[in-house]
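Below are two complexes that have chain A in common, paired first with chain B and then with chain C.
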Partner chain A sequence: MTANTEEQELKDRISLIESMIAEGRRTTESWGWIFVFWGVAYYVAIAWSAWGNHRVPAWNITMTAAMLVTFGVVVWRKFGGTQKSQPVTTFGRAVTSVWMAVGISFMVLIPSLGMGGRSNSNLVVAVIGTLLGTANAASSMILKWKLQFACAVVWWALAVISCIGTHAQSFYGLLVANFFCQIVFGIYGMIAQSRKQKECRAGQGVSHA
Partner chain B sequence: MRGKGSPMPELPELNPVIHGKLRLALLSLLTGVEEAEFIWLRQKTGSTDGNLGAQLLKLEEAGYISVKKKFVQRKPQTLYRMTEAGRRALTEYVVALKQLLGGAIGD
Partner chain C sequence: MTGSAEELELKERLNLIETMIAEGRRTTGRWAWIFVFWGLAYYVAIAWTALFHWSWAWLVTMMAAWILSWAIQKMQRKQPEQKPSTTIGRAIICIWATMGVSLTLLLPALGFSGRFNQPLFVAIVAAMLGTANGASGLITRWKAQFATAVVWWAASVAACFASEDQSTIVFVVAIFFCQIVFGVYAMVYEARLRKQETAHA
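And then the complex of A and B:
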C-alpha cells in the first residue's frame, strides 16, 4: 500500500467518525405537530374566552386537555408507536428538559395567578410570552437554529408589548405571535422532518467491517 | 521517506479493535446517544444482522460497549451503550489518527 492510499484511508476514517457522530445526533423525532397543535389550542382558548364569556374555564379546560393529549401521544409513541427504536440523544434530552421545565412553570404559574385573582390578561400574555421566549431561545441555542431564535424574539417582543401596551395590543400581538411561532413554525418543522426522514432512509451505511 | 540524518518520530499505533470500519462506525454512533437498539444500529450502518452482531460482540469483549437485553411487549430488545473505556479508546484513536495524519501531511 502506498503512502498516499494509507493517508487517504486515514482521512476516510476521520470522515467516517464525523459522519457517524452527526448521524447519531440526528433525530427523526416528530415535534412539529406539537407546535401546530398548541397553536390551535391557544386559538380555541382565545376564541372561547373572548366570545363565550367564560375566560377562566376556557383557558383551564383547553390547556388541561392540550396537556393530556400531548402527554398521551408522547407516551404512546415512546412505548407503543413506530419510533420506539429511536435512541435518546444528549441533544434530545436537553431540548426535552427545557420544554418540560417550561410546561411545569406554566402549570404552576397560570392557575396560581387565576386562584390569586391576578389573572389580568396583559399579565398572563406577558408570562406566556416570557416563558415561550425562554424555551424557544434555549432550544435554539442547543440546536444552533436561528429560525427558532427568531421565534423567541417574537415571543419576548409580545411580553414587552403586553407589559407596556394596551389590552388590544396585547391581544392582537398574541394572535400574530401564535400564528407565526406556533402554526407556521410547526408546519415548517413538519416539512423539514419529513425531508430529513427521507434523507435518512436514502442514506448509505457502512456495511462491512 | 526521510533522509538518513533525520530521526524517525514515534508514530502512534492504531487500536485494531476500533480501526475496523464497521466497529468504528458503531462506536462513533454510540457517542451521541445514551443507548441504542440493534435495529437502529443496523439501520444507520446498513449492515447485515450477522456481521453487525459479530462486530458488536468484538466491541463488547473489548469492554467498549455494554449490552442490555429486555422484553418490551413480549418482544426481545437488545440495547447497546458505550462504556467509559470505549469512550476513552475512541478518543485515543482519534488523537492517534490525527497524529498520523499530521505526520503524513508534514512529509
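And then the complex of A and C:
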C-alpha cells in the first residue's frame, strides 16, 4: 500500500515536472518577440556603425534604446498588462534568472571594455558570442530544448571564429549568427506560441459548446 | 469545489517549489568544497606564474584542478546517502557546466590569437563567474551568493581600467571573498543543516 502511494506520488511529481518543462518552453516562446527585437537592434547598430553618420556612438545608443524598450515592455507586461499573467514555474524562474545574470554581465563588461580602451570589434563579438552561447545553452539544458542548444553552439562557434579569424570573418559571422539565433529562432518561438494559443482557444470553445 | 481544488494544487506546487529552492541551496552547499578548491587552484596558478614566469602554469594548474575535481565528484556520487537532484539543483548544474564550456572555448581561442593579456583575462573570467553566481543566487534566492556575483562584476569592471599588476590584485581579492570565504560559509551552512537533520532523525 505504501509502495503504491509512493509510486503514485513519484508519478505525480514526474508529470508536474513535465508540465513545468512545457510551461518553461512556453515562457521562452512568449518572449520570442524579444529575440527578434534584439536581432533587429543588432542589425541597426551594425548598419549604423558601418555606413551611417556619427558612427562612434552607434552601438551605445542602439543598445541603450533597446534595453530601455525591453525594460519598459517587461514592466508593462508584469504590472500593467491587460492579460492576466501566468504563474511562474520553477523552470521559468530558472531561465529568467539565467538571462538576467547574462544581461547584467553584458551591461557591466562591454561598456567597461570600451571605456577602458581594451575593446576592438573582434573582442566584442567574441564576448557577445560567449555570453549569448552561455545563456542559450543553460536555458536549453534546463528546458531540454535541442533547437535552442543548436543556437548556443552557433554563438560559441562565432566566439571562437571572432578570436582566431579576421575582422571581416567576425563581422559576417555576427550577421549570420544573429539571423539564425535571434531572428529565425525568435520567429519560430512566436509562431509556436500563437499556434498553442489558437489550440487553447479552440479547446475552450469546444468545452463551452 | 473546483476553486478550492485549484487552490490546493497551487499550494502543493508552491510547497514543492519552496522545497526545491531549499534543496537547491543544499546542492550548492554540498558543492561548496569546489569553490574553496578552485579558489586555491587559482592562487597556485597566480603564484606559480608570478614566481617562476612559466607561461604554461595556468594551463597545467587548471587542467590538474579540473581532473581532480572531476575525480572527487565521481567519488561523491558513489556515496549511498547521495540524494537525487531536484529541478533547481539541475538548473544550477546546467549554469555552471555551460559557464565552464564557454570559458574553455573562449580563453584558449584568445590565447592562440594573441589577443590575450592579464586584465582582459581577469575581466572575462570575473564576468563569467559573476553570471554563474548571479543566476544561481537568483534561482536559490540566496543573498550571500548574489553578493559574490556583485563582487565578481565589480572585479570585472575594475580589471578593464587596471594595469597588469592591479588586475592581479583585484583577482586575488575577489577569489578570497567569492571562492574561499563563500565556499567555507556554504560548507558550514550545509554541515549545520546535516546536523539538524541528524538530530531530528
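Quick notes on this one:
Throughout what follows, the second predicted complex is superposed on the first by the 163 of 209 C-alpha atoms of A that agree within 3 Å, B and C clash if a C-alpha of one lies under 4 Å from a C-alpha of the other, contacts with A are read in each partner's own complex, and residues count from 1 in each chain.
The criterion applied here is as follows: contacts are C-beta pairs under 8 Å (C-beta built on N, C-alpha and C of every residue); 3 or more make two chains touch, one makes a residue touch a chain.
Just so we're clear, the structure is a prediction, and the values are computed from it rather than from any experiment.
By the touch criterion stated above, A:T90 is placed in contact with chain B and with chain C alike. When the two complexes are overlaid on their common chain A, residue A:E6 makes contact with chain B while staying clear of chain C. Set against each other, chain B and chain C touch different numbers of residues in chain A, with C touching more.
In the superposed pair of complexes, A:V153 makes contact with neither chain B nor chain C. Of the two partner chains, neither chain B nor chain C is touched by A:V36.
In the superposition on chain A, contact is made by A:I104 with chain C only, not with chain B. Once the two complexes are laid over each other on the shared chain, residue contacts for A:L16 go to chain B and to chain C alike.
In the superposition on chain A, A:I61 makes contact with neither chain B nor chain C. When both complexes are aligned on chain A by C-alpha atoms, chain A residues 13, 16-17, 20, 87, 89-91, 93 touch chain B in the first and chain C in the second.
The touching residues of chain C, when paired with chain A in their complex, are 10, 13, 16-17, 20, 87-88, 90-91, 94-95, 97-99, 101-102, 105-106, 109-110, 112-113, 115, 119-120, 123-124, 127-128, 130-132, 134-136, 138-139, 149, 153, 156-157, 160-161. Within the complex formed with chain C, the chain A residues making contact are 13, 16-17, 20, 87, 89-91, 93-94, 96-98, 100-102, 104-105, 108-109, 112-113, 115-116, 118, 122-123, 126-127, 130-131, 133-134, 137-138, 141-142, 152, 156, 159-160, 163-164. The part of chain B that touches chain A in the complex is made up of residues 19-25, 28-37, 39-40, 43-48, 51, 54-55, 72-73, 90, 94, 97-98, 100-101, 104-105, 107.
Those residues of chain A lying in contact with chain B across their complex are 3, 6-7, 10-11, 13-14, 16-17, 20-21, 23-25, 79-80, 84-91, 93, 203-209.
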